[in-house]
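Below you'll find the structure, written out as structure tokens, and then a few comments.
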């Protein structure tokens, strides 16, 4: 089954929730919708599911117009943020419910329920009620119920957001493996760049109801077409340093000159914003071409395996990623090294002007929108 | 959120439309029709706003209206605070919760005419437990002859019957407050009064709005109790709007003025309900958008 | 401010607990320093919120005593203990202005008016709330609300400790770091005893000087973020801290090596000696970021099959199969991953050994002092 959205708009009252969404999903594809809270991810999923009707635009399944066809008549499974299960049914009956509605034979139901439960490691919990389960187990049950149908379209709306950190990590790995074995179109929404990268496939970056960029996940990650995409697709947020390009050099921030080499050599004179992700700022010299920035620590955040050092440079915040667990006191002096090789250059309109791997950037439109994905 | 299925679903709503049409719209239109006509057997004359003028200038209507406001005002002033106090005093967990809920709900389950009868007997000066006790203390109490006594009896009846509703609503509002608020108040060293004033009362605003609206409308429409008790007497002392209306419509068969009066009555209730609603919404403006 | 002593604390929500499993807290016996920033970290159901409530006085433990500065406060209510608490969801007095909210705890205690004004302004200054003082609390954004809740704790000069119960749950991800920064600065400026409950390792490790890791009703380790990362005292800490968590491989001692099935992994001599002392199940643990991958066999490397590679942008997580078990390695961005099979190098100084889930500690002399570790620099 292939799914196509054509010029979808969604208005609620006077608010625009979605604007001119055109997308195509191929059979068996894995797709991420990445966007911040309230970007329109859930609205989009609901329209794809047939739970909501678009204000204008059309929805096609295998070139058949299904705009307005009841959700019951489509082959769809959905997993929500909240753990939604039938509270009075056991895990077994919860998972079996879509098959019962479909009128399958009891032996087949039993076989499929047990198989799906085993995939999600809840096969020893089949007799329990949802209230007797932990959050992670409840969401596993909900996912199992969605998988057991073997629907053509599997929609997951931030399924891991309400889980504990470690459970999220585990389920993310498992889901990724489960999806590879599916024939269905999988559409997965998330706010987290790391999750998007892990699930993989194609990505649609949306913000304020509009598509910003589409393409294979790693292409989009490496060549965010606009400042906004770079913001949404970086955690911690991507760093920006203002710079002026002259005939022979780039002057970054307060007087750091770097030569116009490699991918930067194509830049025309003008002012730019140079984006660099936290993991491309270093505390030690990594290459001859590195430029130094002296500043002080505003905060150092430690996640499990990395330390993120927030610093202030030229009145904007920079975040540096350091592998491993380290302590830095607020106010501690620190020297950063920037390798020009990693700089993404954005022009004054916020469009990507140069990227270390721009040669692959031509493949950016792989999501079939076909037109300009820049700022609308 | 708009869901859509087939348009067949509209047919399912049709019976409701028909019922509403028969139960509300058609009777209302009939009343509008009557209110602008003079009706004799076999003959109708269009009189325009004549009946409205007559009713609005009627001295008897003014006094009934004034009486009605006094009564509804007193009902709100007594029942709302009393209901809140009862709700605050109710147990929060254990077997006491269901016990007190059932006890509270009892008056709400009794039919209106039975309520009237119970209180007539209860307050009778000769055999009623309440009436006889008061009289034996040397205070004369007789709701059939003294207007004040009739009012006191009505008030007691009304408060006894309906305060439980306010209490139940207030209780549900209280129970919905997250425990963290009380813990925070404790930690901040807030007194019981401060906790009530700054946490419980603001958080009950929603349910209290409903309680006030319900009790206002209901008491403004009061009919059964005074009718059963004294039929609007002694004198006209308990002739509220509805009793007065019935007196014109059924008693003197003045259908035109009665219809005009009904419409005015309807508009007053609508207006006051709206005013209350607006006022209560504005009290906590900006509190729910965070 | 106070130091907090938890003396033989155990708690069960049942009135007649029968065995260990009925206890939400099994046995907590520890002392927390005055002015320290502690995080209680653990998965849901580990007992961290129960412990927090016992410290604050919202809950009386079934057994044991809570002491503040040596004084037994077990029977005292929260307000008598002089603690402040910030809850998961912002708890505000909706009808009051921000400044009234901040003044509330002081007014309740009859503090003179001038002092109240001074304190409120000071605290608003620290929390960047000065611009909002005259606004109704209800109209604020979630992070500002949470700051107001925090401010109500800070205004009291006599506060013994401030407790936080997952306070960043409702804060937008890109705003979280600002609040974390505020918290850290407040701690540095005011040197208050702060106790912070969370299931999120980033929050715990960022916030705390000492992280208290809880698991199944017990404290399994109290340590600095570096200690937890480098020397997890319990298997659970190794798994829970770090992403992905530590790799564990069951093994048997074999001279200067340990054997995982038939694969020998070389150890440093002192650690190899310790391996022989293990009485229970012996496991080797190593952090994914310390594992190295080679496309060709090198000295002391072991062969493994590559099962999956996950590109996380700033690094790659490679899952390998070693003697039938899954091992994860975390490679820096840009490092090529061999295909099919690879040779794993276990740097001996990064190998930890666990006996029945507990870290086998090296003799005191050889253990590096906390804070002196020269930390890896990457790439």
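A, B and C label the chains in the order they appear, each numbered from 1.
The criterion applied here is as follows: a residue touches a chain if its C-beta (ideal position, glycine included) is under 8 Å from a C-beta of that chain, and two chains touch if they have at least 3 such contacts.
Since we're looking at a predicted model, the values are computed, not measured.
Engineer: Looking only at C-beta pairs in contact, point me to the busier pair out of B-C and A-C.
Structural biologist: Output for the comparison: A-C.
Engineer: With chain centres defined as mean CA positions, report which chain is farthest from chain C.
Structural biologist: Following the centroid criterion, the farthest chain would be B.
Engineer: If you average the CA atoms of chain B and of chain C, how many Å lie between those two points?
Structural biologist: 57
Engineer: Averaging only over C-alpha atoms, locate the centres of chain A and chain C and give their separation in whole Å.
Structural biologist: 27
Engineer: What parts of chain A, by residue number, touch at least two of the other chains?
Structural biologist: Residue numbers touching two or more other chains: none in chain A.
Engineer: In the complex formed with chain B, which residues of chain C make contact?
Structural biologist: For this pair, the touching residues of chain C are 56, 58, 77-79, 83-85, 87-89, 91, 93-96, 104-105, 108-109, 136-142, 145, 149, 152-153.
Engineer: Okay, in this complex, where on chain A does chain C touch?
Structural biologist: Result: residues 36-37, 134-135, 164-167, 169, 173, 176-177, 191, 193-194, 197-198, 200, 218, 221, 235-237, 277-279, 282-284, 286, 298-306, 308, 310, 321-327, 329-330 of chain A touch chain C.
Engineer: Using the touch definition from the top, list the residues of chain B that touch chain C in their complex.
Structural biologist: That would be residues 178, 180-181, 183-184, 186-191, 194, 198-199, 202-203, 284, 286-290 of chain B.
Engineer: Considering the complex alone, what residue numbers of chain C touch chain A?
Structural biologist: It is residues 43-45, 172-174, 177, 180-181, 184-185, 188, 199-202, 205-206, 224-226, 228-230, 239-245, 287-289, 308, 310-315, 330, 332-333, 371, 375-379 of chain C that touch chain A.
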